[in-house]
Structures are given as structure tokens and as C-alpha cells.
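Across the two complexes that follow, chain A remains constant while its partner is chain B and subsequently chain C.
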Partner chain A sequence: MPSEFGLFVSTDIAKCSGCKACEMACFQSHNIKRNNVGKTVGTISVPVTPKLYVTVIETASMPVQCKHCENSPCKAVCQQKAISRVGSQIIVDEAKCIGCKDCLMACPFGAIALLPFYVGGRQAPQADSSGGKVAASKCDLCYEDPEGPACVRVCPNEALRLTDVNEERKKKNIAAAEALAVINAGDPGRRALS
Partner chain B sequence: MTETYIAIDQNLCTGCQECTKVCPNLAIEGLPHQPQKTNPDKCVRCGQCVQKCKSYVSIAEHGAAAYARVRKERGLPDAFKEPLFAAHFFSRIDEVKKALADPDLFTVVQCAPAVRVAIAEDFGAPLGTLAAGKLAAALRRIGFDKVFDTNFAADVTIMEEGSELIDRVKKGGVLPMFTSCCPAWVRYLELNYPGQRQHLSTCKSPQQMEGALFKTYGAKLLNVPPKKLYSVSVMPCTCKQSESARPEMKDSGQRDVDVVLTTRELAWLIKDLGIDFQALPDEKYDSPLGDYTGAAEIFGVSGGVMEAALRTGYELLTGQPIPAVDVTAVRGTNGFRHADVQVGDLTLKVGVVTGLKHVKPVMEDLKAGRLDLHFVEVMTCPEGCISGGGQPKLICDTDAGEAFGNRVAATYEHDRGLPLRKSHENPSVQKLYADFLKKPLGHESHKLLHTTYCGDPKHH
Partner chain C sequence: MSMGVHEIEDAALLFVFGYNGADSHPIVARRIVRAKQKGAKIICCDPRRIETARIADMHLQLKGGTNLLLVNALANVIIEEGLCDDDFIEKHSTGFEEFKEVIKKYTPEGVAERTEISAGEIRKAARMYAQSGRSMILYGMGVCQFGQAVDVVKGLANLAIMTGNFGRPAVGIGPVRGQNNVQGACDMGALPNVYPGYQSVTVPAIREKFEKAWGVKLSDQPGITLTNVPHHVLHEPDPKKRIHAYYIMGEDPAQSDPDLAEVRESLEKCDFVILQDIYMNKTGQYADVILPATGWCEHDAVYSCCDRGFQKARKLIEPTGDVKRDWEIIGLISKAMGRPMEYTNTVQIWNEVIDLCPGFMGATDEKLEKNACIQWPCRSKEEHDMGTVFLHKDGKFAHPDGKAKFAPSEWRPPQELENEEYPLSFSTVREVGHYSVRTMSGNCRTLRNLEDEPGWIQMNPEDCGELGLRHGELVKVRSKRGYCITRCLPTERVKKGATYMTYQWWIGACNELTIGNLDPISKTPEYKYCACRVEKIEDQAWAEKHVREEYEEIRANMGIQTKGGRAA
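Entry: the complex of A and B
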């Protein structure tokens, strides 16, 4: 049964090396059709604009990416209705985005960046044609890709995982129950009672 | 001062240390989550770190102006639009453009076999597309006066190296003999096993043989003074530039190869000049120094030099053609594999190493006197030159299996499709020997095509 809640990609910070393979794969998967990006770096002719952001601190690193919040503050503040829920994912429609930055301010994790928006190898024009368009860029869980999130597939350290919180909770519940079952089984007094 | 060939940009490196996992000589130093540095005294310049690195100049992190600044720092043309990564090699496009623009210079170019099975990828073609004809056409459009081919010299290498092996076997010379085509391997051996140097074949690599022939035999044929001949090579390799700069590589009287571009740099040059690669027709390489057989083409894959040597060596030793041209026993991708090949009365024991990290146990066996082989091929990169540090860089390493597999398949396909598949059958090589070299291992060969790797490797 599909999760009622939005799936998201979680990181095992102990495994992440901070290599940015996820950022490159993310950029590639979203620009194959839009900007003719192939499988080699030589096919890239536009700036790399990922939808997740590897963050390196002194002792660790991890990609920060959208958690697809149930009560999404970004979606709530977007007056252009450029952010919507598609299935259980929160998706930005770059065509509608005016670059007002309200979503960037609203997101508690900094999971959204404002980045140049390129189509067909060129930066799309602003509404009044006065310059290049920028748009909010954030994880869409590769919802158009049947193979699922590209970042999860390419991580050399298997640090990323597509996470379903319901499944996660059930697993933990079962583990907790099993741990208790062992304790109970080892108590002869309790066994005598049952 | 040691010239730097490969470096890691301290402003870009996140300290992920993924590159340290592929560095075959522990040449990358630094703490986790801190920028890493290459140690130039240990670096064998294989460029596998360049292939691995994914930490790029980012608009979100470094700002919009950073890209143009780093591009300029690295001497890249304004038309260059690819992402710039922390681990990088230094581009020599500018030197080539200057030479092409100089009316006093006669420019000749050679391309390694692995270039033609990969370069089209950077123009959007499927991974491992064979583009030998388009590559020749592109080099002509760029403006090289003659478009020759490293493959010609690969055929010459087989004549020389095959003869050297037979000589060593028959006369009780130092065995096993190791191939010397791969300069990163040669450097690794010099740095780590200097006492085993006599096991290296004295043959220069095909690039250096071709370079030495350009400025001697070629200069005579073209009627161009050697000093006016500017020799460019295009390689899948980030180490070939440093090989060409070695003090030994001046046997023509000048530097034999003036400058080396990687496959990726050639793609940048083609884009910079506005040439539509995919729309180019198939053209031929110039004769005679661009004529080649299938045996030369397979130098680009692991086991290829061995197979090419066996195709010719069999005939040189027995006087009979090898029963099966495809010597599948030495093909494959395992790090170290060995086979017994029956050559007349002789059971030739051969080994193939691919990926320099697999060579250490082999060298330790050699030192301990346990390596019972006649001939060993060593290539630094994971699956031979087709996976070299200068080849088109994959956006996702998860595509490496497909990329390398397709490039290998394209190489063998090219070999099968060529009318001649044994080096000694190359009529232009036969003519080279008849008119100029006289015989393999002869006086001229010794002077131009063989070398003694000398000096302190730290200085080159």
C-alpha cells in the first residue's frame, strides 16, 4: 500500500562522504529532456542546478533536501500557486515561479534554492524579457522517473534511502516488540504465569 | 621544479576522499572533510581522480562569477560550458591553437585507438560509439596539415616488442618482460620498484614511436624540416603529456611529441571552433603514418597489446599464421589474469594486469622470484586506455559498466571490420622497414624507437 504520507530521501550521515555524486545525478536526471544532457560531462552546456544541496560542516557532510512536509510552509506561502502536491510529493512548477523567495524564507531546512532556469540549452527569459529567469529548485523525488530518485541510485556509499515513515515506524515497532519478547521469554516467572 | 599535471582546487574540494579510493599510488593527502592535495612526487598522473571528482563550481555555493574565474584560471576557452570540478588536469588547448595559427609550422596529429570509441559521447552519441571516420574529419577541419594515427606506431610497436620478446626468450634475456606502453605504469615502477626496471620492454610507447617517426621518416616524406614540424597527439590519458616531456623523448633531435591533448580537450577544441562533430562525414587517416591494422586498434583495451603481440609473435616464431586471430584467452576485465599460449614448441606464459592497484601483488611475486611468466601487459586504468583519465567523464559512475563495456565492444568491432588484423601485414609498416628502419631491433629502431628509462622519476 502506498504511504499516505510524503516519501522523502533520508541520509545516513555516518556514511555520507560529501562527494556530490547525488547533486550531479540529480541535475542530470532533470535535464536529459530539458537541456539535452547525456551521460558524459561533455554533454552539459548549462549551469549545474541540482535540487538537493550537499552541506559540509567541520565533522560531517550530508545533502539537505526537501522532506515533502505534510503541512508544507513553502506551498502555504506561494501566492503564485507554483508549489503544489502531486501525489504525495511537493512539486515546484518553474513556469509559474516568479522568484519571490517566500518559499526559501518559509522552508526551515534551506532545502530550496533560487537557481537559473534553463530550457533547450538557454536561460529562459524573465516575464518582461529583461534578463534570465530564475526559479525555486527543490527535490521532486524524481517523480517522473520510474526508477525513482537518482541520488539514491548513484550514492557510492549507499548513504541515501527513500524513506516511508509509516514503514519505518512499523519496522521499529516490530524490532521493539521482538526485543521485549526476548526479555519476556527469558523470564521463567512470566512463562509460568502464561 | 616538478611540473604539476593534476591538481585539486582547494576552494572546491569538499574532502570527500572518494578520489583517494581510486588513486593507485596513495598520492592524495588530506584529512576527511578538508580539501585534499595531490603529492606530485607520488602522483602517477593517471587522472582517475579527475574522473571520480564530482565537486563542481556551483552557482548556489560559489556564486555566478566563480565559474568564469575558474575557467580562466585553467586556460579554458570562453565557449567552454561544462562544469568545472575540483580535481582537474591542466589544459593545453591554447598551445595547440597557437601552433595551428603559426604559418611557419607544419602541424601533424596522431590519435590513440581509445579516443575514437569515446569522443562522440561528448557530442551526445551513445556511450562507446565508434567514430574513427568522424574523428579524422574533425582533425582535418581543425586545421592539422596531416592527420596521422598512433595506431600506425602501435603496429610498429608490435614489430619491435614482439621481436624483443622473442629475442629475450631465445637468448636468455631478462624475463618476464613487461609492456611499456602505459606511462603511468612506467612511472609507478620507477617510483616503487626501481630495481625491477630491466623487466620493462625497452620499446617506447606508440605515441613516442610515432612522434620520433614524424620528425625523421615523416619529415623526409613530407619534405618539411623537422624543426618546422609541430607534433600533436590526442590521448585518452592524462599521463601522456608528462611522458612526452621526459628528457629521453628527444631522439629525433627535437622533442618528439610537442604537446598532448586528452580526448576531452579535443572535444573542447572542436566545440570552441564551432565544428558540428556529429554532422561530419567519415574520412580516412593520412597515409602512410596513419595506416593501421586491427591489432593496433585493440591496444586501447586491456589484453589488447598482448593479443596483438601474439598475432604477430606466433608467425615470427613458427612461420605459420596463428590458428585463431581472436586470442580470447587474454581478453577480459579481471585485474590479473594469465594464460598459457602454445606457440609452436614453446608454451608462452603470459599475464595481463589492468588497474594499477592489481600490480602490487604481481610485483611482489616478481621480487620473490615466484612470477613464472614470459610476458606481462600492464595498464594503469581500470579497463585499459578506454577507461583512461582523459576520456569523456561520466556524470554518474553507475554508468561506468555500460561505458567501458560499450567502448571495449566498439574496439573489437573495429578490429574485426578492418581488412588487416596483424601488425606485420600492415603494408606501410613493411615499407617503413624496407626503406628506413631496415629491421626490427636494428640500428635505427634502437636509436628512435627504444629507450632506457633513466634519471630520477621525481624530476619528470
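Entry: the complex of A and C
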């Protein structure tokens, strides 16, 4: 059973080598239907706009993406009601977005960007048709894809993982219990650390 | 490489020297990550905090241009502390006494200041390398692209010999090659001194063998290396010895060679230039004739991996447009010059190659078809010979006496050091999004959208602060030889005083700056060291416009279609 809390993708920084395969896959998977993007060179006619950002600092390389916060500040500030919770994911409805940037300001991770909004290989027009539309864009955990997040699937080092905090806690509880069972035994003679 | 790439993950210790796998070869880098997961210790020698440094147990962040000092000091510690594999040295090597004599003065304390690595760290690294049981060295262009390159390669080999790290699984030394199929180009004799299979042009018996097979007279003199071409076009006084025609295949010297101003002059002054490539590139602008060739998915081929592994590459799609396969073009030119060369497929060519090269003899088409990869040497066509995963088994080396030879060398500094006028050091590097001169990857829209002109110069934030430079701002980078415009990238991963650029950008063409100082043996240029300065551009709006216009102009010169003045 899936967690009641939002899942998110976390990175094992001992494995990430900053190769950006996740960025490519993210863009590709979100534009197959919408913009007819294929898997080969020559099928892309729209700007390449991933929803996660490989970030390199002195001590780490890792993609930064939406944490699907439970008390989502982006959702709270969006006056257009363009950001909502679908299941356990926080989703942006780009059609509703007016590009006010409040969610970009609110997000503490910088996980949201304002990007050109393309449909059917063309940039959608602004409300008054005066130019191309931009919209807030962020990780949606590939919720429409039954196989789950493309970034996790494509990582050559298996550095990315879809994390469920409840599952994570249970695993840690079991590991802790296993370790403690030995040293907490009633009979001091049975203690492993003798 | 003396080992197979797959063996990387089984080493007990990886000594990664001047090799940035994560940016150059992400797929090989996976092996380094896996080695770490399997418990290998990693020592990373690199002036930058590259990805390998991040997961390494030790990062020796040496000062650029001091490679041999560090390598010799490591050897010094291994000798002084009695960490040598005396049995291996005794049975399988020569020249150890002379080697010891030279190495004596390279004490860790003596090199600490120049290398910027403490004596303690050098000792610790030497002990780790000598004592792991299975130590493997990987090195890259951070070793080879210096005026003193071959000596450092030999220095690394010395370390492996003296500790017995040769001839067993998951040990040895591995040059993880710089370019796609560069191993294949060398294997097939695209070197001025050897025929295919590393057979010397100066040995009469070998020459006669090829003369007989090809039915032509062949020269007994080694040819000219790529990096010596400008000299032989511009400065050769005897017109008979001068280069008059230059046939360039799958290479973009006007982008990738050092000191581009000189390269351009030689391409302009050369009487006749032919370019054979899959797309237009910068060199194409100087070509008299352009021969369009098929790309990797449009033809059958045999490819050599850096670990000597031959693999078949198969045609996936039919070529479109006015293109021919490389071997067809060569055949037609040969025929027009009076020597018919009539192949109908690549298997015929491959059969000829293996019949003329004893080391490749056993790598038959059938075996390649069946086994995906055969690593040379593979000398027998019999089924049992499946090639050689690692070289020097049982301590048998290629010298006539079957022994490894210690090759001591003295350190030389890079040719052009930082000075008052050009206070920063400059080195060319790679980035993950683009490959080589991006003749291929620059035409991939996805990659182009990730990183595009005019590229970046990586600098320490302190240096940026002193010059008042901010992230993303356009700057002028200048050396004695020229300048280019690029964007400033402040990063803690770079030491103060050092700068780095990738060499594939047309506008941010960093080879305008680099120096044509060649290693005396390999003739590889010193791409990894020269002096530069970074200049702030006050009028950023002008600079942005200039970059855009320049880019459009280059694309127009190359005949690349543009949409309404914008890059298509």
C-alpha cells in the first residue's frame, strides 16, 4: 500500500556522477505525448526542459527536485489554484498557471522553474495572444506513467530512489530492533559484546 | 589498457590519475562507482575536486604540471619503506638499480611545496597503493596532454612494476583513451611510424610483407604527426619537403589543435585541403573539397575499446543524402590514383587486417559475431583463443628479454608558467554533455539545449571575487596567443589560481589560448597547461550580442540552415 505521505526521489551521492541522464529522461518522458518527442535524435523540436536540476557543489553532485511537501508552500501561495494534490503527488496544472512566480519564491528547494509551455510542438499562446506562454514546471513523479519516475529508471549508477518515508522508517525500525535485540537481552551473559 | 575495463570494479585499490571519468566516459565511471560499492579504496590525483575525488578515500589535489614529481615521490616512498615486491622485480624486470639512483632525490619532503601535497599524504598514498594487494592505475588526458607526458606514463608503469601489480586480474595500468575509437585508429595504423598492428615502418621484413599484400612500393620513413603539420606547412624552407596537400578525416584541427591562429594560417596556406566528415565543422571552412561520410549508425564497422577489445558495430539505418561510407571513399580515391581497391563489404577488409597483423590474427569475424568482444592480442584463429583480458600474464613483458624495463625520468616544468601579465594557469577539460569537438553531439538538440555557446571558464570563487566577476557573466580569456569569450563559472572545485575550459565551443574556443608545446615522443600538445588572464567585459549587452552574431556567422559560413536568423 502506498504511503499516505508524498513520495519523493532521493539521491545516493556516493553513486551519482553528475551525468545528467536523469535530466534527459525527465524531459523525454514528459514530452512523448504532449510534444511527440521520441527516443532518438531528430525528434525534438521544442526546448529541452527537464523538471529536475543536476546540481554540482564541492562536496556533492545530485539532481534537485520537488520533495512533494506535505504542507506545500507552493500550493498554499498559488492564487490560481493551479497547484493541487493528486494522490500523494503535488501537481502543477500548467494550463491554469499565469506565471506569477509566487510558487518559485515559496519553494525552499528551488524545485520549480518558469519554463516555456509547449503543446503539440508549439508554444501555447498567452491569454491575449501577444506571445508565447510560460508556466511553472516541477517534478510530478511521472504520475501518469505506470512505470514510475523516468529519472529513477534511467540512472546508470542506480543512484536515485523513490523514497517512501513510512517504509523507510519501518526498515530502520527493524534494523534497529535486530541490533538492539542482542544487546538488550535480559541475561547479561547473552550480550553479544562480551 | 593492460587490463579489461570490466576488471576496474574488482580492484582492491584504484589509483585514478588525471582522469575524470564522470565527465569523459560516464559509462566507464560506473565501474569506478561499483568498485567503491564493492569496497575498493580510491586515491584520486587531480587538481580539481572531480566526481572521483568526491568518493575517493584520498584526494591528492596536486598543482598542475607536477605529475612526475608526485609519481617519482611515490616510488621513492615505496623504495625507502621497503614496500617493493622484490620477487617480482628480481624475476621480471631490469634496470631497477639505475631507477633507484634517479628516484633517490625525489623525497616527499622535497616535492611537497611544488606539488602542494604534504609529505605525509604522499607517504600514506604510497603505502595504500603498495599494500592493497590488487592496485590498478587509471590515467587520462591529465597525464598525456603535457609537454612531459610519456615520462609520466612510464613513471606510473614503474609504480606498477615495483609493486608487482601487473599480469594478474584487476591490476595493471589503464590509459582510458581520450577520443572515441582512438584505440582503433592506432590499432589500424593511423600513426606515422607503424602499419596496422603496431608493425614498424622501418623494419624491412614488415615493409616487404605489406608491399607484397598491397602491390605497391612503400616508404621506409616514419611520417609526420598531426601536431607537426603547421610547422611543415609554414616553416619548412624546402618546397619539396613542405606539406602541400592535407587530407583530414573525422578530425577538426581548426577546433581541437592547440594555438588555433597558427592552425588557421597553415590551413589557409596549404595548397589543397580535403575534409571527410559526417557534418560540417570549423576545419571545413578551409577545405577545398568536402567528402561527406556516413555516421556510426549508417555503416558496419569494427571498433576498438580502450581495453584492446574489438567489437562489431552494425548498420542500423540506410544512409540518406549524398554520402558514402569512409572505406568506399578511400577505395574510390585510391582507384582514381591508379591503385584499384575494390572491397564490397567490411568483412573483406577485416579479414585483410587480421591476416596482416599477427596480434589480431585470431580475432576473426565469426568470433566477433559470436562473442561481442575479443581483446587483442589474439593470435590464433582456433576456437580456443578468445583473446587476452589482461596483458603480461605470469610477468611476461613485450621486451625481447621478456622483462619489464624500469624507465626513470627527471621532472620538467610546463613550458609556459604563470607570470605578471598572465597570472592564472589554464587547462582544457571535458564536460559530460558534449563529446570531443561536438561535430556529433553539437548536432543533437537535447545536448545542445543543456549546454551551449559560448561555454564556461571554471574559476575559484576567490579569483572571481578579485576580478569582480559573477556567475554567468561573459568574460574575455586571453593568453599570449589569442583570446576567446566565454561565461564565468565560479566553483569551489577549482583551486585558486587555476582555470579550466572545455574545448568544443566555437565562440568560447579555448584552443585559441593553448600552447603547441609537444611531448618529445608522443607529440601530444600541452593542452593542460599554459598561462592566461581573465578580463571583465563592462558592456555585457554588447558581449551577448557579439556572441550571438559570431555564432550565426560561423553557422552561415558552414552552410548550416538558420530560421529567421536564429539557430535552427
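Note that the second predicted complex is superposed on the first by the 182 of 194 C-alpha atoms of A that agree within 3 Å, B and C clash if a C-alpha of one lies under 4 Å from a C-alpha of the other, contacts with A are read in each partner's own complex, and residues count from 1 in each chain.
The criterion applied here is as follows: a contact is a pair of C-beta atoms (placed from the backbone, for glycine too) under 8 Å apart; a residue touches a chain by one contact, two chains touch by 3 or more.
Note that the coordinates shown come from a computational prediction; the quantities given were computed from them, not determined experimentally.
Asker: Using the superposition on chain A, decide if chain B and chain C clash or fit.
Answerer: Overlaying the two structures gives a clash between chain B and chain C.
Asker: Does chain B (first) or chain C (second) touch A:60, or do both, or does neither?
Answerer: In the superposition, A:60 touches chain B and chain C alike.
Asker: Please name the chain, chain B or chain C, that touches the greater number of residues in chain A.
Answerer: The partner that reaches more residues of chain A in the superposed model: B.
Asker: Quick check on the superposed pair: does A:173 touch chain B, chain C, both, or neither? Answer first, second, both or neither.
Answerer: Neither chain B nor chain C is touched by A:173.
Asker: When the two structures are overlaid on chain A, which partner does A:44 contact: first (chain B), second (chain C), both, or neither?
Answerer: A:44: touches chain B and chain C.
Asker: Return first, second, both or neither, reflecting whether A:14 touches chain B, chain C, both chains, or no partner chain.
Answerer: In the superposed model, A:14 contacts chain C only, not chain B.
Asker: Between chain B (first) and chain C (second), which does A:113 come into contact with in this model arrangement: first, second, both, or neither?
Answerer: first
Asker: Go through the superposed model and pick first if A:23 touches only chain B, second if only chain C, both, or neither.
Answerer: After superposition on chain A, A:23 lies in contact with both partners, chain B and chain C.
Asker: If the two structures are placed on top of each other, which part of chain C overlaps chain B: 1-9, 91-99, 289-297 or 469-477?
Answerer: 289-297
Asker: Show which residues of chain A both chain B and chain C reach, each in its own complex.
Answerer: Dual-contact residues (chain A): 17-21, 23-24, 27-28, 41-42, 44-45, 47-48, 56-61, 156.
Asker: For a test of understanding, state which residues of chain A touch chain C in their complex under the given definition.
Answerer: Listed in rising order, the residues of chain A that touch chain C are 13-15, 17-21, 23-24, 27-28, 41-42, 44-45, 47-48, 56-61, 156-157.
Asker: Under the touch definition given earlier, write down the residues of chain C that touch chain A in their complex.
Answerer: Those in contact with chain A are residues 21-23, 26-27, 29-30, 33, 36-37, 49, 51, 54-55, 432-433, 443-446, 449-450, 491-493.
Asker: Which of the residues in chain A end up touching chain B in this complex?
Answerer: 17-21, 23-25, 27-28, 36-50, 53-54, 56-61, 113, 115-116, 150, 153-154, 156
Asker: Would you pull the chain B residues touching chain A in the complex into a rising list?
Answerer: Listed in rising order, the residues are 14-18, 32-33, 54-56, 58-61, 67, 81-83, 121-124, 127, 264, 267, 392-399, 402-403.
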